[in-house]
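Quick heads-up: structures coming right below.
In the two complexes that follow, chain A is the common piece, with chain B as its partner first and chain C second.
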Partner chain A sequence: MGVPAIELQAVDKSFRKNRVLRGTTFQVEAGCTFAFLGRNGAGKTAAIRMLMGLLSCDDGVIRVLGLDPQVDPIGVRSRVGYLAEDQTMYGWMRCEEILRFMAPFYATWDHQLALRYARDFEVPLQEKIKHLSKGQNVRLGLVLALAHRPELVILDDPALGLDSIMRKQFNRDLITHLQGEGRTVFYSFHLLYEVEPVADEVAILDQGRIVRQSETEALRSDVKQIVLSREAAVAVGETASVLQRREEGRELALVVDKAQVVIDHLRREGVEHRVVDLNLDEIFEAYVTGTNEAEPPEVAATQRIAGEA
Partner chain B sequence: MILRIEKGSAVPISSQIFQQIAMLCASGRLKPGERLPSVRELARELAVNQNTILRVYERLVRDELLEMRHGQGTFVAAHADTTGLAAHRTRLIEELRQWASQGLALGLEAEGLHELMDEALRQLQSSATTEKTKKEVS
Partner chain C sequence: MQSIWLSLLWKEWCEHRWKLAALSSSMLVVMLLVFFKFRTSVPDVVTFVTASLMTYALLATFFVAMSVAGGESSRKTMPFLQSLPVPMWQPAAAKLFVAGVTLVVPIILTMTVVYSTLQLVEFSTREVQNSINWNLRTGPRVWRIHDWYVARTVGPVLGSLSLLLWLAAAGVNRSDEIRAGAVGFLSITAIWISFAYLFHVADKQDLPNLEAGLLVAMPAGPGVPGVFPLRGDTPLRYFVSWGIVYAPYLLTALVGHAAVGAWYLGRFGRVKHKPKRGGIGQSLVMPGYALGQPMRSQLTAIAWKQMRETGPLAAFALAAILGITAIVLMADETGRVDFSEIFTQVGACMSFFVFLVAGIGLYLDDIKPELNSFWRSRPTNLPLWFGIKYATAFLVLLTVLGIPLILGTLIYSNQLPGRFSEGMLANLLWIGWFFIEAFTLAMTLQCLLRQPLYAAILTCVTLMFGNFAYSYVCYETIGHPPWSLNAAVMILALVATVALAWQTVKHDWGWKH
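This part shows the complex of A and B:
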């Protein structure tokens, strides 16, 4: 393994009394397509701004392509393509002008590629930026982020302005141009069903902590819903890491991590139960609901249900 | 090869692709010796991660439905139709088992379940005959 593309170690950040990141730790291997998931306000944008050196951390270590973004923001910038969540650009420029304006800032700028992306993303080149719609604005930002062929691309919710056809086109470009060329993509996204076919790995950020990092497929096979009668729930006992529990009459629906352990256990005990496969949306929901401010997710994630049933 | 991916489904993307290719092999719509699209091509076509496609291909090779010829690409294996059928047998039994357990939970007994199966087959056959007559008429 070479240098990881992104590395955060025990990063803390507060805005006055509001702690947005709490000991956030994760690593993105080079060549990986990594989806960074979290609810609004979970701290995604703050973390991303730190990667770009736009925000300092209070504590911890941040490395982007082996560089410290606080010490060498220009070094990071030249090798990373970045799309901000609310990218603002000079409103008086025409789209075509900003492409030419940006080109000299990057040694590796590929103007043909920029024009091709502009066409694919239906960016009106002759239009002034202040007259663009929100969607067009995001797409222009994408063109600017990708045209210097960066080895790492950091995108803060690129889906925001794309309709479903363009999202598919964007996913295709991501797969052929970025994944296919072995580049690293780190992106936050709010549409989980779009993430699943594309991302190698996902991390879920909740209240400033990474509550789960996993290969996308592994997450799907590890987390399942188990439905059983309330009396039978005692049998689950200590085997389960319960992420979410829902009671419905005589039945109890538990979303558990490491589901296979629980299922094997229930089979051995001869407890009647139903196993339900979940989609990524439901898994995400199980992780980010039911944990509250006072309770660190380590505790919440391994909430024992013994004796409660 | 036409595949369809359902996003947001509870069935993982890789299983969707795996099952559809296995089905195409079993039904003979993909013939032994036929060349499949490359990992890159299929990934682009479906807008699915290349590693996912590669893993599916590898699993299909392990199950002897496909074979990878070095430097030439991926092909449907000889006897993939019969191997595919065997693989589907396992999956169908699994599905029937779930279906049967639902029936049992509703209070049906073995006989009742068989009746349901017969009824389903009858409906399939009659709709097939209607299709056929329609075709003959037109």
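This part shows the complex of A and C:
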């Protein structure tokens, strides 16, 4: 097995009293398309900035393409294509000028590829950056992130500012194209239904902790909703890791991890139940807002508010 | 908050209170130094107090007006302000009012402290009286100390408020403070040049009506009301009779400034939303289109970028220096004033200001949070980025401003009877160092504070305090310092400032709000 594209081990980061990452650990294999999911303020951007060597961690180990971003940030940045969340560039430059300006910073910059991407993404090259729309700005940022043929592409919520057609094009064409070239793509995203078809693997970050990392398909087959009568819920017992519990009339809807174990158990016990497949959106919701019995101390903010109400 | 006005004033107060504190404490520190240094000489105290207030009225007003005109756009809070259910003139008026208070309070405070000190300290009444009369050029008429207090308070107050109004109106809605300041400065210079040119025409072509009209119109000009109370022919206790004599001028001043104020209030927040030019779904890169060649190296790219950022400021500054020189030459009736003399003097005064602004501007964009991430997340050679930016900006300023000024000085000195002396060379080098130090220190403080106004204030205070401390220590210990010691201290100070600037940029130190 080769060197992982990204490796985080027990990474901690605090901004004064605000602890944004708590022992965060995950690994992204080379060639994988990895979706990094989390709610606003979960710590995604902080983690990404650490990968780029823009922030230092308080504790733990970070490796990007085998390099420590704190020790060799230039080495990391030369081999990584990065698009920041809501990235701003020099407004007075024209799009063409920023491409010419950025070229000498990368030894592997391919000017013809930059032109091709600019054409594909419909970037108005003669326009000043300050006159670009939000979507055009993101597309220009993508050209800058990709034109040096990076081994690893890190995209911090690239869908922000893209319209639905462009997002689909982004997921269907660009990510597929990058996958075809064998590049590793690490991206944070908030539109999960669009991640589903392209992501090989997902990690869910909640309150600074990775609550689940898994292959997309494995996650979908592991996490399911089981609907059963309230009385029968006792039968679930200790077998299940319940992520979310919702009462619906006389029935109880439980979102559980390792669903097959629970289903087998209920069948053995002869308990009547229904199994509902969940999409990534619902799984994500169950992890970050549900009653996670595996991780009981952290209660989601929305749930706290609902409880107080 | 109980009313819209209270809310708006509270917001502006929160944004201006630290500026008020910084300006007041800076002026008080300066006054402390003036009294300490010239404790045995009242004429020097009076002169330096006057000079400090004049400098304050120009510099502080400029920096406060920059933030009034361009602050909201720079912080990208203008859309929020526009979305409030109030007409835009209300936030504009609140902004102008609090900015005015911010400028005026330090002047009143400073003069009150100076006045009280002159009363309390054991200066002889006669000496104070003579100094004041000499300072105000009162001639045979005797002014009392409170006349001086009122004149030196009211003058800078009116001058500051007038300049604030003009600068805010001229630079309103610009995308950031530096642009707002540059547009405001150029507009004011253009108005002064126009007045001077028209006076020149009226004088040369013997047009008394034009000259009379210009005299009446002039009080509406930027900063001109500040000159009225400084006139030495009448103490302000005769204000009523003085007011009757000068009623047409006062009326012009009021009407003119009201019009400028109305322009500012009417324009504030009316930002044009330009249509986005790149159409969606339209192929914007034609087949066969070729990109220009990439820049050859990081060095070239960084130097190009910096030249594009500093070049316009330096060019505008040169144009302004030439414009003001033209004003002075046109206003000169004796015909004995030399171009190189005026150009050098005007250039020397303005260049400090330009070097200061250029120093702040060097990292103004780069340290904005979103841009800071952009260039830092690229494989940028940080020492190269820092070194080339600094050197390029410095070379641009040297080429566009420094060399013409040096040439002007050389030409002027060759016309002097004593020709170019060693003392002049020393002065020239000292002024050159002062500009470079101001430029470097402004850059460093902007990176640390991330607020142009505070960076400017602290740069001025640090330079003044540093120079004072050095000269005080030298004269108290070894007397007149040798030239070699001066040179060593200057080089050391510059190296230390550059080193601090480098560490600041390298580690991304600074107040990140």
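As a convention for this text, the second predicted complex is superposed on the first by the 284 of 309 C-alpha atoms of A that agree within 3 Å, B and C clash if a C-alpha of one lies under 4 Å from a C-alpha of the other, contacts with A are read in each partner's own complex, and residues count from 1 in each chain.
Everything below uses one rule, namely that a residue touches a chain if its C-beta (ideal position, glycine included) is under 8 Å from a C-beta of that chain, and two chains touch if they have at least 3 such contacts.
Note that the coordinates shown come from a computational prediction; the quantities given were computed from them, not determined experimentally.
In the superposition on chain A, A:168 makes contact with chain B only, while chain C stays out of contact range. By the touch criterion stated above, A:90 is placed in contact with chain C alone, chain B being left untouched.
Set against each other, chain B and chain C differ in how many residues of chain A they touch, and the higher count belongs to C. Of the two partner chains placed by superposition, A:12 touches none, neither chain B nor chain C. Using the contact criterion defined above for the overlaid structures, shared-chain residue A:197 touches chain B, although it does not reach chain C. Of the two partner chains, chain C is the only one touched by A:131; chain B is not. In the complex of the two chains, the chain A residues touching chain C come out as 49, 52, 54, 74-75, 77-78, 82, 84, 86-93, 96, 99-106, 109, 111, 114-115, 118-119, 122-125, 127, 130-133, 135-136, 163.
Of all residues in chain A, only 33, 168, 171-172, 175-176, 179-180, 192-194, 196-200, 217, 220-221, 276-282 touch chain B in the complex they form.
For chain C in complex with chain A, the touching residues are 175, 274, 276-278, 280-285, 289-298, 300-301, 304-305, 308-309, 365, 368, 370-371, 373-374, 376-381.
Across the interface of their complex, chain A is touched by residues 5, 7-14, 40, 43-44, 46-52, 55 of chain B.
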